[in-house]
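There's a structure below that I have some questions on.
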Amino acid sequence: MKKIIDAVDTIVDQALDGMVVAYPEYLKRVEGTMVLARHKPKESGKVGLVSGGGSGHEPAHGGYVGYGMLDAAVAGEVFTSPTPDQVYAGIRAADRGAGVLLVVKNYTGDVMNFDIARELADADGIVTEVVLVNDDVAVQDSLYTTGRRGIAGTVFVHKIAGAAAEEGADLSSVKAVADAVVANLASMGCALTSCTVPANGKPTFELGENEIEMGIGIHGEPGIERVPMMSASELTASLYHRLVAELSLGDGERVAAMVNSMGATPAIELAIMSGHLANLTKRSKLSLEKVLMGEFMTSLEMAGASLTLLRLDQERSTLLNAACDTPALKVVKH
Amino acid sequence: MKKIIDAVDTIVDQALDGMVVAYPEYLKRVEGTMVLARHKPKESGKVGLVSGGGSGHEPAHGGYVGYGMLDAAVAGEVFTSPTPDQVYAGIRAADRGAGVLLVVKNYTGDVMNFDIARELADADGIVTEVVLVNDDVAVQDSLYTTGRRGIAGTVFVHKIAGAAAEEGADLSSVKAVADAVVANLASMGCALTSCTVPANGKPTFELGENEIEMGIGIHGEPGIERVPMMSASELTASLYHRLVAELSLGDGERVAAMVNSMGATPAIELAIMSGHLANLTKRSKLSLEKVLMGEFMTSLEMAGASLTLLRLDQERSTLLNAACDTPALKVVKH
Amino acid sequence: MDQVAFRQLWRRFAELVHANKTALNELDAAIGDADHGSNMDRGLGKVVEALDAGPEGSLRADAKLVGMTLMSTVGGASGALWGSGMLKFSIALPDATVVEWSGFIDALDTFVEALSKRGQAVVGDKTMMDVLLPAMTELRASAEAQESGEEIVVALAEHAKGWSDATRELMARRGRAAYLGERSIGHVDPGSVSTALWFQALADTVRAQVP
Amino acid sequence: MDQVAFRQLWRRFAELVHANKTALNELDAAIGDADHGSNMDRGLGKVVEALDAGPEGSLRADAKLVGMTLMSTVGGASGALWGSGMLKFSIALPDATVVEWSGFIDALDTFVEALSKRGQAVVGDKTMMDVLLPAMTELRASAEAQESGEEIVVALAEHAKGWSDATRELMARRGRAAYLGERSIGHVDPGSVSTALWFQALADTVRAQVP
């Protein structure tokens, strides 16, 4: 394992301080915690937004703290959901008196730790709601199991719910719009290489020179199936058709998309995928209104990419295009 | 070689189209060329800015086309400088009647191809100037050779010269401010892994599990020396002290910095480096006014990072902080 | 069980997990995210530190310290479960330095119930509950049969190991491994292994106490 | 040299570069950026296409087509040099379908001079000039000695290979390899190898023409 680190157990702590060095106008670290909060909190009386999860998904989630998106982000150890006391510290940092929405990716660990934090907040009189993001269509959605995982599509929840909160919507409205995003959201990813969890020191899995792992999560977990390497065109199409089918997208519908690098896959390859995506939407007569292309939800230095589609209606489209200003995502009004 | 591509010889062409898919409000492709230009050209009477070079350095250079930075970016094949006819097309796209400044990284191929393009522009009555960026202090600056290379620091030239041009400075003033950036700029990088040039199909060099290559360029070229792997703290310090010495930075001076990923190195490691950087500047009593952290000038999927320091004066500081709005770099005014 | 034994139990558990950290990570790598060993090891290291520094209060205070420490240092699914479960466990313990064997079993029952409620897993879901639930049944039965504490826990440690091994054949329905569906079959659940190590620690502790 | 031979020369050069593409990339990987073979191969493929499609005009027109094509398809240092040099070469050729051997040598001289001016490299800088400059000297001398064209170019191809090999011992002072300083010693310069292949193509062409 070759990484630019000092010690395995100080990575997250150091990285949080480094984020503040790079984005002092955006972020501050809540003292004694693993929480990054807005440098300039939003006005009181507005709903707060908190997200978080294990580290190693940068820019998620600290990179999305700022105007129009999150109020606080809680960082766990690499790929390990944060503990309830930390989540609770995030809730307190985000609370401006109108309640706090927690954006939680659907993993057992995240769900339980955020739940315990909500119990703590409750005891403290802070009203919280949760939106569970479960956009990964590689995983079967079943009532008998934990259901689907949350992956890169989470960023659309941050953006759209964040815009609603910024506009002054109340907690139940912000939750409603966030739930609607989740109901219209589908993602799927693939890995060309594994990543190495620092505490572990070696790659979580091994892939052959001609293999690709489809349906991977964002923690270096094994995916759903291992298939031979394919072209950018085939790969984009195979992810795309799966998403379109899951969302039952039909003629004339409006969509936003995300082409997300898992870490090591360079922008040039994402751009090639984006070109195919535009052709595919044209062929299925979808109106592709927005493409987010880049590193939004990564798995350390894994090579690979994920594709996300979000069905838009007028409300989601307006909120998606509303101004926002965070380290990792800016929508500038001209 | 596992990459998300369709064919080796269509990579750049497809990627340019994909950039327009992702950033339609920012970019258009000049028909029949490898040039990305502003979707909405700047007002006539202002100096145009053109940069370019081989592909594989994304977001450089197409990602820097937009308000306050470049007017056009010219893409060559992966790691191969663009041909004169393409550079010339970029010059024409950027020309708004007040002349065009070419930002050229100091590589023989780039210098010669941009020079030939200037001869073509000259014949056409378009006035051009060149700024040669040579920030890589790993390489000896010698009159008897080609001198130093241009690497990540180039982005500071785009930003600062772009702001001057946007403000309406004339060609010689824009060139002067760009030259002043170069004179106060120093960068150095290191590689933890090699990258694979697609046309070549295998890594350009091999590095052992405990080795790191210091002083690499941005084309997968071998570096200056191979050393044993070190900690983030040691690595940042070793790059930093080299830059401070080269720029003879002393007590109380103002600097901006860039902590740049070569591609595969995740943001979390850059953040750790940024933390060390802040401590180092504090110790040397420099005033660290701005840190650009992220992927600014990459080498495909290479793991590694580069550090850049720029000495600031009031003019450079103001121009660096001026508003800009491009796909890869946005300065939002609050 | 007295306070010395209780603290010794956690020290022993920490030792066993530390020795098996890499193995636990590797099990988790196969069907999860490769961190279960690191998570438990990080938390138990802190538990030992906390107990070493903690005042000699009561068993309840010790168990609360264990719960709070696990809750705030382990993270992940196992941290939420062990942490919140141990807090419930502490409430069920007396505010004294000794507890009868039956009182200890009752408290453990509270612990397991809390985990069932929090995690919603049942036997066969391929989680730590595949060890905890049958272990409770066996503890209750053997206690009613008036067997000695030592005999009970030594046998239980053996059985726990077996229940953990048996998760290999299961398809996961809870936790991160559930996303793998059929691909989860053929791998032992890491949480069940660390839980079996806790019963091992319990056996080792009780055995060491009986001269 | 007539137009048929001139076109054949470029076809042969394209063949030789194509066959050596990987080797040229590998040489460039050692002291540059691993693209010299790809660059030349891409451009020469286009040159062959262009010549095949080009009208049977004059040598000058053909050479101009070669220059324009190389200029707009090779890229990098070699593209700028070969492209702009061939444009100068074309101007020095007659607007006819045949050129005397001496006229061909004069045109080549213009080519080499253009490269010297553009690239500023001298003998010993570890570039293609380490082949081109001595080759010109030898061509001039042998032409003055009235040797036959075939003898000259066959010998020259041999020598060019030798001059190229000799770049191995040099420290680069021009081009991308110069950044390596002392580390550039011990590797042959890729541009000198492709240039030697051009002289090989010239020899092969002339030999094929003389029955």
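Letters are used for the chains, namely A, B, C and D, taken in the order the chains are written, and counting of residues starts over at 1 for each.
Keep in mind that, in the parts below, a residue touches a chain if its C-beta (ideal position, glycine included) is under 8 Å from a C-beta of that chain, and two chains touch if they have at least 3 such contacts.
It should be emphasised that the depicted structure is a prediction, and the values quoted were computed from it without experimental measurement.
Asks: Please report the minimal path length, in steps, between chain A and chain D on the chain touch graph.
Replies: Shortest path length, in steps: 2.
Asks: Mind checking the centre-to-centre distance between chain C and chain D? Centres are C-alpha means, answer in whole Å.
Replies: 75
Asks: Taking each chain's centre as the mean position of its Cα atoms, how many Å separate chain B from chain D?
Replies: That gives a centre separation of 32 Å.
Asks: For chain A and chain B, let me know how many angstrom lie between their CA-based centres, rounded off.
Replies: Taking the average C-alpha coordinate of chain A and of chain B, the gap between them is 29 Å.
Asks: Would you pick out the residues of chain B that each touch at least 2 other chains?
Replies: Within chain B, the residues that touch at least two other chains are 78.
Asks: Which of line, ring, star, complete and other names the graph you get from chains that touch?
Replies: line
Asks: What chain pairs are in touch here?
Replies: The complete list of chain pairs in contact reads A-B, A-C, B-D.
Asks: Given the complex with chain B, which residues does chain A contribute to the contact?
Replies: Checking each residue of chain A against chain B gives 2-6, 11-12, 14-19, 21-23, 25, 55-56, 58-59, 63, 78, 192-193, 209-210, 212, 229, 231-233, 235, 259, 263-275, 277-278, 288, 291-293, 295, 298, 300-301, 303, 305, 325, 330, 332, 334.
Asks: With touch defined as at the start, can you tell me which chain B residues reach chain D in the complex?
Replies: 9, 54, 76-86, 107-109, 112-113, 115-116, 136, 138-140, 144-146, 148-149, 197, 199-200, 204-205, 217, 219-222, 224
Asks: Considering only the defined contacts, which chain C positions touch chain A in the complex?
Replies: 25, 29-35, 38-39, 42, 71-81, 83-84, 118-119, 172-176, 178-181, 183
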